[in-house]
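To start, the structure itself, in structure tokens.
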Amino acid sequence: MRIAVIHGPNLRLLGKREPEVYGTATLADIDADLQKIGETLGTEIESFQSNSEGEILDYIEEASTRVDGFLVNPGGLTHTSVSFRDGLVGVELPFVEIHLSNTTARERFRRHSFLAPVAVGVVLGFGSESYLLGLRGLVTHIANR
Amino acid sequence: MRIAVIHGPNLRLLGKREPEVYGTATLADIDADLQKIGETLGTEIESFQSNSEGEILDYIEEASTRVDGFLVNPGGLTHTSVSFRDGLVGVELPFVEIHLSNTTARERFRRHSFLAPVAVGVVLGFGSESYLLGLRGLVTHIANR
Amino acid sequence: MRIAVIHGPNLRLLGKREPEVYGTATLADIDADLQKIGETLGTEIESFQSNSEGEILDYIEEASTRVDGFLVNPGGLTHTSVSFRDGLVGVELPFVEIHLSNTTARERFRRHSFLAPVAVGVVLGFGSESYLLGLRGLVTHIANR
Amino acid sequence: MRIAVIHGPNLRLLGKREPEVYGTATLADIDADLQKIGETLGTEIESFQSNSEGEILDYIEEASTRVDGFLVNPGGLTHTSVSFRDGLVGVELPFVEIHLSNTTARERFRRHSFLAPVAVGVVLGFGSESYLLGLRGLVTHIANR
Amino acid sequence: MRIAVIHGPNLRLLGKREPEVYGTATLADIDADLQKIGETLGTEIESFQSNSEGEILDYIEEASTRVDGFLVNPGGLTHTSVSFRDGLVGVELPFVEIHLSNTTARERFRRHSFLAPVAVGVVLGFGSESYLLGLRGLVTHIANR
Amino acid sequence: MRIAVIHGPNLRLLGKREPEVYGTATLADIDADLQKIGETLGTEIESFQSNSEGEILDYIEEASTRVDGFLVNPGGLTHTSVSFRDGLVGVELPFVEIHLSNTTARERFRRHSFLAPVAVGVVLGFGSESYLLGLRGLVTHIANR
Amino acid sequence: MRIAVIHGPNLRLLGKREPEVYGTATLADIDADLQKIGETLGTEIESFQSNSEGEILDYIEEASTRVDGFLVNPGGLTHTSVSFRDGLVGVELPFVEIHLSNTTARERFRRHSFLAPVAVGVVLGFGSESYLLGLRGLVTHIANR
Amino acid sequence: MRIAVIHGPNLRLLGKREPEVYGTATLADIDADLQKIGETLGTEIESFQSNSEGEILDYIEEASTRVDGFLVNPGGLTHTSVSFRDGLVGVELPFVEIHLSNTTARERFRRHSFLAPVAVGVVLGFGSESYLLGLRGLVTHIANR
Amino acid sequence: MRIAVIHGPNLRLLGKREPEVYGTATLADIDADLQKIGETLGTEIESFQSNSEGEILDYIEEASTRVDGFLVNPGGLTHTSVSFRDGLVGVELPFVEIHLSNTTARERFRRHSFLAPVAVGVVLGFGSESYLLGLRGLVTHIANR
Amino acid sequence: MRIAVIHGPNLRLLGKREPEVYGTATLADIDADLQKIGETLGTEIESFQSNSEGEILDYIEEASTRVDGFLVNPGGLTHTSVSFRDGLVGVELPFVEIHLSNTTARERFRRHSFLAPVAVGVVLGFGSESYLLGLRGLVTHIANR
Amino acid sequence: MRIAVIHGPNLRLLGKREPEVYGTATLADIDADLQKIGETLGTEIESFQSNSEGEILDYIEEASTRVDGFLVNPGGLTHTSVSFRDGLVGVELPFVEIHLSNTTARERFRRHSFLAPVAVGVVLGFGSESYLLGLRGLVTHIANR
Amino acid sequence: MRIAVIHGPNLRLLGKREPEVYGTATLADIDADLQKIGETLGTEIESFQSNSEGEILDYIEEASTRVDGFLVNPGGLTHTSVSFRDGLVGVELPFVEIHLSNTTARERFRRHSFLAPVAVGVVLGFGSESYLLGLRGLVTHIANR
């Protein structure tokens, strides 16, 4: 099994950006943790970050021929991008949406996600642990199909 | 560590009720799985189900003196109970909210949760796997404090 | 055929409570009338009242193995209880929602019912006659399936 | 006693139009059933169908001098016609609103009725049986005044 | 004169729960203070707490034959319970709604009360003093009728 | 100068319909008064009533070649008819909207008029006097152009 | 009969302020016209202008003992002043609300009037003629009581 | 193939009514153009105009037995008529909705169409060309089924 | 301790204005009662009434140097004045908001208060008794700081 | 004449992505059809696809000096991009918006387009035929200016 | 050139009122700074403060004959006064709106300004510097006309 | 001190695009003026324009290590980009938002800015002068920290 992890806009700032909200783990730390858990689950992981919606859509299209699903932290695009949703639906692969922070406890505009209604599931609020829980959930979902 | 699992209204019907939405696992199956994972995480699990908001509030108050956190599937009370929220906030213990189905993909009234903004995190959409992911997330959260 | 009648919160007050809104018939009067019409329709009737949502959910689950449908006056829970809806949907039996008063002519918050969209049909505004019309409609519906 | 039945726009299509929503009974079938029940209730029935709001208002005004009440299926005018409401209120006779389908379970715009708040009562969702239940309710209401 | 005091869900937690919001007085402290002021006002006080909406409705019905009014802190049910409102209206006794905290300064969902529009009056924001002010207001209201 | 008066749906009921809202003057009384005032203002008056939106639109088109403006009481169509508005705008003649009752003091749905924003002016609440005031205003407006 | 005319904020600017919206008549012109029509109607007119809500309220209270009604152009206070409404209701005299411009055709915030629902009637859109029509309507209303 | 063209309310005014919005082509011009294009597409065209919703519903029902689809310019009924929608859905034939003007660029109330969600497609903003484009689209749609 | 009582617009009308809503006590009666209770509480009372928002703001600024808190009945300004709120917050003294009537049971626009979220507490619905309860609450609050 | 066709995000997936919604034609098929129709209309066609809003804006600016109009399928950006609208308005060339699917019949968020109010016209719901109809409409519009 | 500066309600409290929001500069400090910058810009400055909307409107009318524009900090009237807007529009002079605090970051009701849409420009969030920036912008605007 | 100026999407069109809205100054003109004022303020200025949200986020991250603040004209992204906001908040540097036009006077969707609540301040409506005022405000803000 092979899973593509998509880190959306501004996630390169992790560890530096508002650590009281997002924690101190860097993106490299998270990718390393995902690799480790991936191994115990017999799953290959590839990882992609971009600040550009367009590049993310290009990546989804390109990666869709070699992976079994997507683990997605859409960042600020969660609340504003219909194209992100359409791209994931278009390649017809399961995906899980995760967030580091508990978005329901923040500004009102963070409560709505264009992606969530077409996701397998959503995990939010556990810091970098959200990625690991989301990966487990996605792998189980794909295995059970 | 000790975690109390709260199954809200109608969850005794699990396995029978709308299996295409909620899956075929019964509450007993889920509790057994939680026990198993609890053991690997070094965590004791106790489990409580009630159809009554009042009984759940009584249980939260009573259990709060012996547990370190709550794993909560609030069922239909998710969307309507301020008292459930107030009860969990009142005992000042961390809790995780989980849902079997992807509530963001169902009726509009299921999108709002009174509990989510005061939860550590939320897991939804993975069927009975949601409980297990939520437990992992809660245990990690408590261990990291 | 066997039908369970559920009288929701505050309906024990019938005959005393706001007679200009709800009429002078008591719950016992209504149950007696339902028995009589049930006999002419060849249908057994059982009746249940509770002020507690939780007890009603317990009753729905327990009665669901012996009845063919529910006749429900959900009282104030009409407008606030997702769990009531979920409980009725969960046991997969047809039900009819009735109201004594014309709820569309009262306070704005009484216009929305969580139960109505998953009911067979709705009868409202005919006083205690609403129960009798609802019973007829439910029995015809079950007979025609 | 004499009751006028008003079938609103498109109801001539009954039996042909979307039978999975509206059933297979034609308007003639329904009128025949209403006549039969009318006889058992000692009530004369007259029936009127029009696709035109204006003709319906003319009919209400004209019939109001010889009938004791109206049984109304307003069709699509339910949600859009203030004049229909005003016409019925203007002649100061009781009326019952009925719908073949459970309008609360359909498109959002079908949830609001301009007529319901000034009706005696409402019956919806029982297919052609809704007419018969509505007639019984209306006759009882008039008899009890 | 005799007044029944109803403490709604979670109020057993008083003194422990969020003391910066609700103060340090326990329910026993408040009941004792109410007794004292009751004596100076020539009024007997009885007190009831429950976490269950159903039990509160049972209590309202039962107590309504021996008391002259209710002093109610509905807790989280303030914002969600139509049945609580209907129960109090149904017994046709005056009641006063009180809150420990200034609910208008908290989350948006706490601004709406189903009970307030049918109460004699409302007191909010004075901590445990709210109960005492509410009792005075209720007693004066009943005395002046 | 020549003015066409349009009486919308249900206005034939005037004098009979809800006299506490609409007064006791009949449509014939109003038309006679308009004739009288028309004479003092040197204006010919023609009058048209229909319960049908379509007939009113036909009339507007037909009359537009011989009159200088319209005095309109749109009745229930005020709040629901875009076509009425479009028809009046289409013939490019000035019109005044009048109402017998103070619509701002009635049901919420009576507050919005599709016609008012394209009218010269609006008069409401003076009973049958509204017609006379509206006629004066319309005649002055046309004379001043 | 004696009528007090109240000109609200900014109406001293009439004739200078946005003549394409409000016309070229000055306040003095309007007051002179009102005097003339008042004479033909056998009614004394007094006139008051203030930019201050407080002064207007003082005037209403003071004038209420010598006049039979108010003719009010509330200007910008129309949409923002609950106190203006309360003051007019408090003295229990009939009043008519008028506007020079057709407020329904302007900015959205001009569509709502706090005063209109408690007025006898409303006249809007006829320029300075609105005052004269409003005066006629008010005098007729008072005479007919 | 045979297509029925329905011109809704006020469209007889075309060429005269607001030419800067609707262009200078008359209904006869448009029907002639439709005939010409119909011939090149091997399609018979019949055309119907009425200002009355009821007559349009009668026509839909009657024409439905001899045509393969409808080309509809619903005029002001676009935004207000549930019955128009129900009538078209009821005969179960494909239809295309067209508008002369770009309704998304006009008043807010013109943005919502009751018909569009059940149409094959929508064409708007091209003046009388909208009819021709809509006809091409409808014919292609029917041919491809 | 010294408390300033502010009576907002139209409160000079008390005793005359709508006695069924506001009671028969005059402002002088209320001020006398406040003096009496002030004495038993060891608190000096000064009282101020104005119909002008501006004068009230001037008074708040001026009185703020000699008093310990404000007891405020803001009248119609409750729902419309941000400046009143800003003035009270600006002088950084505690205040209590009171209303004679139960504003939650009246027009919708009376439900929102700009002042309440920054008040110590709110008392409403007890007639002139609201002032006395509010004074007690304010004095206790200041004493407990 | 020269027209630039802009295919927005995810349109490279055409033919693969949800064929039941978008049809089986690929982007190459559509571009070929547009070329063919372009020839019959004497119009040169150039075509551009990008998943990136930024690249599309660059293209609009660059192409604006050599084309006479744009034919735009904005994909998911329809509902979320003010910049797309501003870019098209900024170069002051006419454009037509097209959609493959009937967006009014899909999710609620697809009903609003930022581009439509500034477009010449809109075509939606005809599958790949939408492009061809849109091109015809745009060419006619430009030719008629 | 001559500019009138209007300081709205409560601004006399500057320097004392909530210094963490509004800074420590007093109104006198700000007026002195404005004079200084005015001199460098060759502009005379006059300054006016009032807590009363009515006095401000009187001032606008009176000053309008001698100044070239207004620099306005409307305080709490920003969000509530249509008359303030109407007064400024009525004298047909350019004005700039400024705020000390960043109103978009505060309570929701501070986000809407009745004045901003008719202002030349708006400056907010820079503390007392907002006045100076606003003055520069206004002077440049007037000079460039 | 060093400030980075960010020109958002479509701003390369300045001077050509809608000059009646945005003025005739080009981006080069504005950058030159900013350099000049920067010199008088002892501040180095760098300038960046992109039509791509992703490139802007990359630039913010990269520039954040060498500048003291950002002067941002976010163009159409103002109203739609949560990522832009998150990027600026993430680097924890002060920024000022500016707009050439008075966005509060344009389409409704331009009234909301995702960036403004986290900006130091906002300047809008002064044409290219907005940049210069914003720079002054930002420099003063940074100097005063």
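A few comments on the model shown:
All chains are identified by letter, namely A, B, C, D, E, F, G, H, I, J, K and L, in their written order; residue positions are counted from 1 within each chain.
To be clear about the criterion, contacts are C-beta pairs under 8 Å (C-beta built on N, C-alpha and C of every residue); 3 or more make two chains touch, one makes a residue touch a chain.
For clarity, every value in this text was computed on a predicted model and none was experimentally measured.
Counting hops only between chains that touch, chain A reaches chain G in a minimum of 3. Chain G has its Cα centroid 62 Å from the Cα centroid of chain B. With centres defined as mean CA coordinates, chain G is found 46 Å away from chain D.
With each centre defined as the average position of its C-alpha atoms, the distance from chain A to chain I rounds to 54 Å.
Rounded to a whole number, the gap between the C-alpha centres of chain D and chain H is 31 angstrom. Multi-chain contact residues of chain G, defined as those touching 2 or more other chains: 52-55, 80.
By the definition of touch given earlier, these chain pairs are in contact: A-B, A-J, A-L, B-C, B-E, C-D, C-E, D-F, D-H, E-I, F-G, F-H, G-I, G-K, H-J, I-K, J-L, K-L. By the touch criterion stated above, chain A contacts chain J in their complex at residues 52-55, 57-58, 61, 80-87, 89-92, 114. Touching chain K in their complex are the following residues of chain L: 102, 104-105, 113, 116-126, 129-130, 133, 136-137, 140-141.
On the chain J side of its complex with chain A, the touching residues are 8-10, 12-13, 16-18, 50-55, 75-80, 109-110.
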